[in-house]
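The same subunit A turns up in both complexes below, where it pairs with subunit B and then with subunit C.
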Partner chain A sequence: MKIKKIVIIFLVALIGYVYADKLKVSPVEELNVSSGYGVDINKELSGNVQYSIPFTVYEFKKKVRLGTGGTTKKAASSKAVGEQSSNIIEAKANSIGQTREDRQLNSSKSIIIGTQKISVISEEAASYGILNLINIIFSNAKTNDRGIFTIGKGKAEDILNFKVEGYASSADYIDGMIRNAIDYNFISGEYTLLDVYVALDSEGKNLVLPYLEIKDKSITFTGMALFKGDKMIYVLPMEESKVMNMLRGKKGKGVLTLQEGPEKYINYDAMVKKKVKCNRREEKYEFTIELDFQGDIKDNTLYKDIKKENESEFEKLMEKKIEKMCNDFLYKMKNVYKIDCLNLGMYAAAKYGRETGVDWNEKVCNSDIKVIVKVKIDKMGRGQY
Partner chain B sequence: MKKYKNIIFTIFLCSTFFIVFFGGEKMKSLGVEELDIYAGAGVGIDKYGEADIKYRVPGILNGYKLDGSAERVISTGVGSTIGKTREDRQKKIGNKLFFGLVKLYLIEEEYAKFGIRPIMDITFKNPAVNNDLFLVVCKGRSEEYFMKDISGYDNSADYISDMIKNSVNYNFFKGEYMFKNAVLSMDAEGKNVVSPYIEILEDEIKITGMGVFKKDKLAAILDMKDTKIMNMLRENKVKGILTIQKDSKKYINYEAESKRKITCEKIGDKYVFTIDLNLKGDIINNELYKDIASKIEVTEKFEEDMAKQVKEMCSGFLEKMKHGYKVDLLQLGWVAAAKYGRDTGVDWDEVVSNSDIKVNVKVSIDSVGRGQY
Partner chain C sequence: MDKAKKNLLEENEATALLVGFIIGTGILSLPNGVVQYAKQDGWIAVIIGGLHPLYIALLAIYYAKKHPNQNILVLSNIYLGRILGTICNILFMVEFGIFTIEGIISVSNIFRVYATPFLTPIKIFIPTILLAIYLSDKGIKVLGKINKICLYLTVILTLVLLVSLKNGSYLNLFPIFGTGVKNIFNGSIESALAYGGMESIFLFYPFLKEKGKGKVKKITLKALFITMGIYTWVTFVCIYSLGYKVTSITLWPVLLVTESINLQALNSFRIVFLFLWSIVMFKIIANEHYAFTYILSDILKIKDKNKLYWFIFPITLYLCMGIKNEVQRRAILGYMVPKITLFIIAYISIIAILIFIKDKARK
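And then the complex of A and B:
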């Protein structure tokens, strides 16, 4: 008897809750579904900043009833349903929260915040600091945590406004581009909101984000943006980004090349695994980065008849080349960028204690970093002309 | 009873027959193809001198083509009275006018200043008109708004009415700027009509404020900042964002829902109004207060600061209202009239402007979000 009563009370409470929740639900036609947003800032003379945040909003075109014939009608209507385009709604205000109010004033539907797949932060806004942005997005529990962050050259609005054929909006295109970029260039794909949040908050980590540009009439992934704290300080070109990603990520895939002339080269499609060891000698830290490459030869016009013997020769040459690339990069990192873009501070902090007030950027740049490279060939392909 | 069943039924049938046959006008039914169904209408005037005024009423409708797609058609009627504009418009179009589904009246600013009583009257007299249509005041000529192409919509009247409907999410808008409410509050004692004010900015239609009427004439246009405060004090249960900002990086955004209560007292000849404003909501972005989630003192400090700021905003607005606009923007006269008697010949605008208005603000936090870096 008692159990019955409890069950009934529980059910009543549940129904009440569900009903109350349901009241807020509105059909999708009455909502502005957003696929991406950008962040631009306009600096005012007084030193204050005006945030301007454009939203890409899907727009569903009405079905067009066409034709009278049975078969043609079907074909035409199915085509019309798939048609989708997007629109941009911009809002400007002195703080990011207030842009929501401003945006509502010139849009005809209520906007759901947090569904975005992509965010494009303009270079200027990123150098000004992305802390406020990350906080407002993260504190909303309905946000899509897997949304990807990117930095765009010029104005973010221009990148979002860019029409890409075959896609409803350029945000969808960028989303696919970044998610699939992991197959080459050793890109790790860890640019989601959660990753950004973790990178900003933990000791010895620095944030890197993809850098986009409109080049030759298409949106291109041209490098990586390097952050110190919440501010962007450098943009690395793709060549350097490749080496950085190789040394930074746990795993990565990419193509390495040994080249002697325009027709004489060898392409090596490899997967890399990284291991970091850290030692402290008195005040100086020593890092050893071990890189294990394993992969296939895709294209070879450099060595005639690779056999078991000259396989090891190739492996050695490749090792040397990669080591040189890495050392060049490390030299540049220590002397030019002066930040720990390989997250080495994290390893040291894990071993020798956190929250000791150490500036890891400085410590890492003054430390010894050794790179040990191992190259292994899996397959050579099915023959060679 | 059972015995008389047949007789009752027969009498009922007969009387129905007679009523239908002799009484009233027969229902006119027309095919939908023969009607011009208007989606929105604008009202404007052209002045040709002191007393020479011509009304200009452009209507917007969807012209349907054979393939099912819609095309925007604008037809304008001009005349010295609004009734005459109908005749004038009828001359230009092929179908019968049908105003029953109008969603929106765009009232031009100039006409609103002149007085909207004629349009209210002619609309109210017509029982077929949609009472839920929105009244919107616009800058410039209403044709400009109707001429705008908006992707995803067949015509801009649908777009603007959707815009007003959904404005309730932010800025403390109430969204009840409909014809029926305007009719009720235009002549009610101590009440007044407000309606959103739209402009074309950067080639987009945007709500930029609120027009406030005194009786049937537009008395003031408030900018967005004042509109927010007025809405907050005027309406009950509305939503919006409030901000305390130190500089571009240090600020706190607070998304609140308001509850408002007005009490009125008469001391001597002077009225004293007390507006209790309860704000409850979430913090959506915070860079200003450290540890707001963990320390109760910080939370209390924020609530205090926010209450203080809102109070300051409100008293600044009330000063402006009393000495600048001199209109009872908050419908306080209505509250006083309900308590101390109507039809006493009091000009509530004047009384409210000379009364004491106190605002008590209480701020409470619901949630602070799921974390902060």
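And then the complex of A and C:
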């Protein structure tokens, strides 16, 4: 019996060694853990395109602070404080997979791919097309599918290099900024990689991603980038994106204002729910979008009092204002952008059939879109000053 | 007599064993295959595909009624004669052999992509085959108990997929029946292949503890509904949250769906899911291997299974090494499994007809 036990233990040890031999395990300080990456493109004159994909990696530094005085034996305290900051590792190559080789040449530690929280794609790269990038990301099983995709103005490297106070890297800052943006502007927060995979392949759906700029010494979320297929076509400023998000998302939160002068306005912080109905008459489609707003009056300097009559008057005025905002945006969408950025094609495809060869962008832009708005006031705060 | 009775299967264990022969590695890739033809109606195709195991279940009930103590190996010798019967038994055994190898390769592929890319295939094959041999050596009672645990695990894991519903849109399922009956039918043929394994009931219905009236009926129909329910639910969730196009691109759509479920400490639910699901995958390999060796020892009339294992191990290992990756595996399966399924259906139906004729003749 004893021999059997010894043999078993020996076998287990041997097998463990053979199997774990190829396993690379090292402490995190000896690895380059990446928090974000950017995608830039250099279009050369010969027609070649060079991909530049900088990685932001964490740097784990130790700062040693010596304690004050040395009078008592106890006070010989030396604290080692770990400080996190970040660095950029550059990589340039003619294909995205090859940038990995180039990147490792610029790095002293092994680089882990797939841990990224955000990716910043430069405007130029997005207009060129993100399909190649999505291909390699999708194929990698270790990719963080809940990472966020953003578009940056100018070069992605500049945005990643930008030092933000209090954050280890700008990637962490951007990640927090976009995740928390859903509180206002009717932003839906559906900008993760999973959403990108689904949007690129769904009939009647067009991708929309956050647009970042370095403005006034900080990185700000200034608008939304509109995609047609996998190429970026337009960038919408935040006021227009707000209306688009209102009409596009399943629900959202934002602030709407009735303003009659620099000091007379009402601020209405509302949550919106959307319903879409689709009809087809011969070749022309009709969409009815119902928006249900329910929210609080945050601030009222327009009316002296909010009484019953004022309430319904406010609701009607707000409804008219929102309808006008939506109709203005719809006019622009149909005539200037000519892209179905509200994903109305999805509803039509669900009702009338998929893969029928219909170009939903064209059909939706030639269709009648009607917006019906309902506004309801929920709470009014503590009182009016 | 009591000791022999102890080794028989309880009703729950038999149901679990039957489900365990069907649900295994296939569930992770089933939505992919079905959606290629049936597109957004993949879940309907999966329901229709359930007709195949339903037919086998009904035949099994008939067999058990007429010959409650003789399994199909004995019956084929009785009704088809020694030579033809033995040939059919060998082909029956080959089916389980193919499913064993297919399961092992599938496990290896999934692990090498998602969990342990640093392992070479042979390092995964060897422990898996040894594990399958060890488990199947323990006998059917132990297998039944293991399957019972795995059944609970399967149901719980697939129910957790409910959480991913908040990330999808019901529009992905519409228009229902939009793909047309022909495409749904083709999709259901794909799913019928994933339902393969129901025929194992013919091997072990003599092992039931209680052979009363309607016991086999209860077991098979319960197992059928559980399997159909789980397969349909999984396909439904994949199409709902991903849409049919992404489902047809991913090799393992279910694992992509688990990525969208957020867990606090771990990056995604996929890790936990894969870890627990690997237990289910090992179980089906052990099941299929047990069926294979059971038939083999019956044909060769060898009681001591250990001698068989010495042969089976290297042959299985050699065959597993032949298939290089997932895409190749699915192509080969797509070629072989329809022929096997047709053979099984024909074979079982012919014997059923012969039983019927002999029964009538006796009366």
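Quick note on the criterion: the second predicted complex is superposed on the first by the 346 of 385 C-alpha atoms of A that agree within 3 Å, B and C clash if a C-alpha of one lies under 4 Å from a C-alpha of the other, contacts with A are read in each partner's own complex, and residues count from 1 in each chain.
Operating definition for what follows: contacts are C-beta pairs under 8 Å (C-beta built on N, C-alpha and C of every residue); 3 or more make two chains touch, one makes a residue touch a chain.
What you see is a predicted model, and the numbers here were worked out from it, not measured in a lab.
Trainee: Where does A:Lys109 make contact in the superposed view: on subunit B (first), on subunit C (second), on both, or on neither?
Mentor: First partner only.
Trainee: If you stack the two complexes on chain A, which partner ends up touching A:Arg100: first (subunit B), second (subunit C), both, or neither?
Mentor: first
Trainee: Check the residue A:Tyr19 against both partner chains and state whether it touches subunit B (first), subunit C (second), both, or neither.
Mentor: The second partner, subunit C, only.
Trainee: Comparing subunit C with subunit B, which touches more residues belonging to subunit A?
Mentor: B
Trainee: State whether A:Tyr197 touches subunit B only (first), subunit C only (second), both chains, or neither.
Mentor: Both partners, subunit B and subunit C.
Trainee: After superposition on the shared chain, which partner residues are touched by A:Val49: those of subunit B (first), subunit C (second), both, or neither?
Mentor: Touch status of A:Val49: first partner only.
Trainee: Check the residue A:Tyr184 against both partner chains and state whether it touches subunit B (first), subunit C (second), both, or neither.
Mentor: In the superposed model, A:Tyr184 contacts neither subunit B nor subunit C.
Trainee: After the superposition on A, what does A:Tyr347 contact: first (subunit B), second (subunit C), both or neither?
Mentor: After superposing on A, A:Tyr347 lies in contact with subunit C but is clear of subunit B.
Trainee: Considering only touches as defined above, state whether A:Ala141 meets subunit B (first), subunit C (second), both or neither.
Mentor: both
Trainee: Could you tell me which stretches of subunit A are touched by subunit B in one complex and by subunit C in the other?
Mentor: Shared contact residues on subunit A: 138, 141, 197, 201.
Trainee: Where on subunit A does subunit C make contact in their complex?
Mentor: By the definition above, subunit A touches subunit C via 18-19, 22-24, 138, 141, 144-146, 194, 197-198, 201-203, 346-347, 349-355.
Trainee: Inside the complex, what are the residues of subunit A that reach subunit B?
Mentor: It is residues 30, 47-49, 59-61, 64-66, 85, 87, 94-98, 100-101, 104-111, 129, 131-132, 134-136, 138-141, 197, 200-201 of subunit A that touch subunit B.
Trainee: For the complex, which residues does subunit B have touching subunit A?
Mentor: That would be residues 67-69, 151-153, 159-160, 162-163, 166-167, 169-171, 201, 204-208, 224, 228, 240-241, 243, 245, 247-249, 251, 253, 255, 283-287, 368-373 of subunit B.
Trainee: Could you pull out which subunit C residues touch subunit A in their complex?
Mentor: My answer: residues 39-40, 113-114, 117-119, 123, 167, 169, 171-172, 174-175, 178, 242-243, 245-246, 249, 256, 259-260, 262, 267-268.
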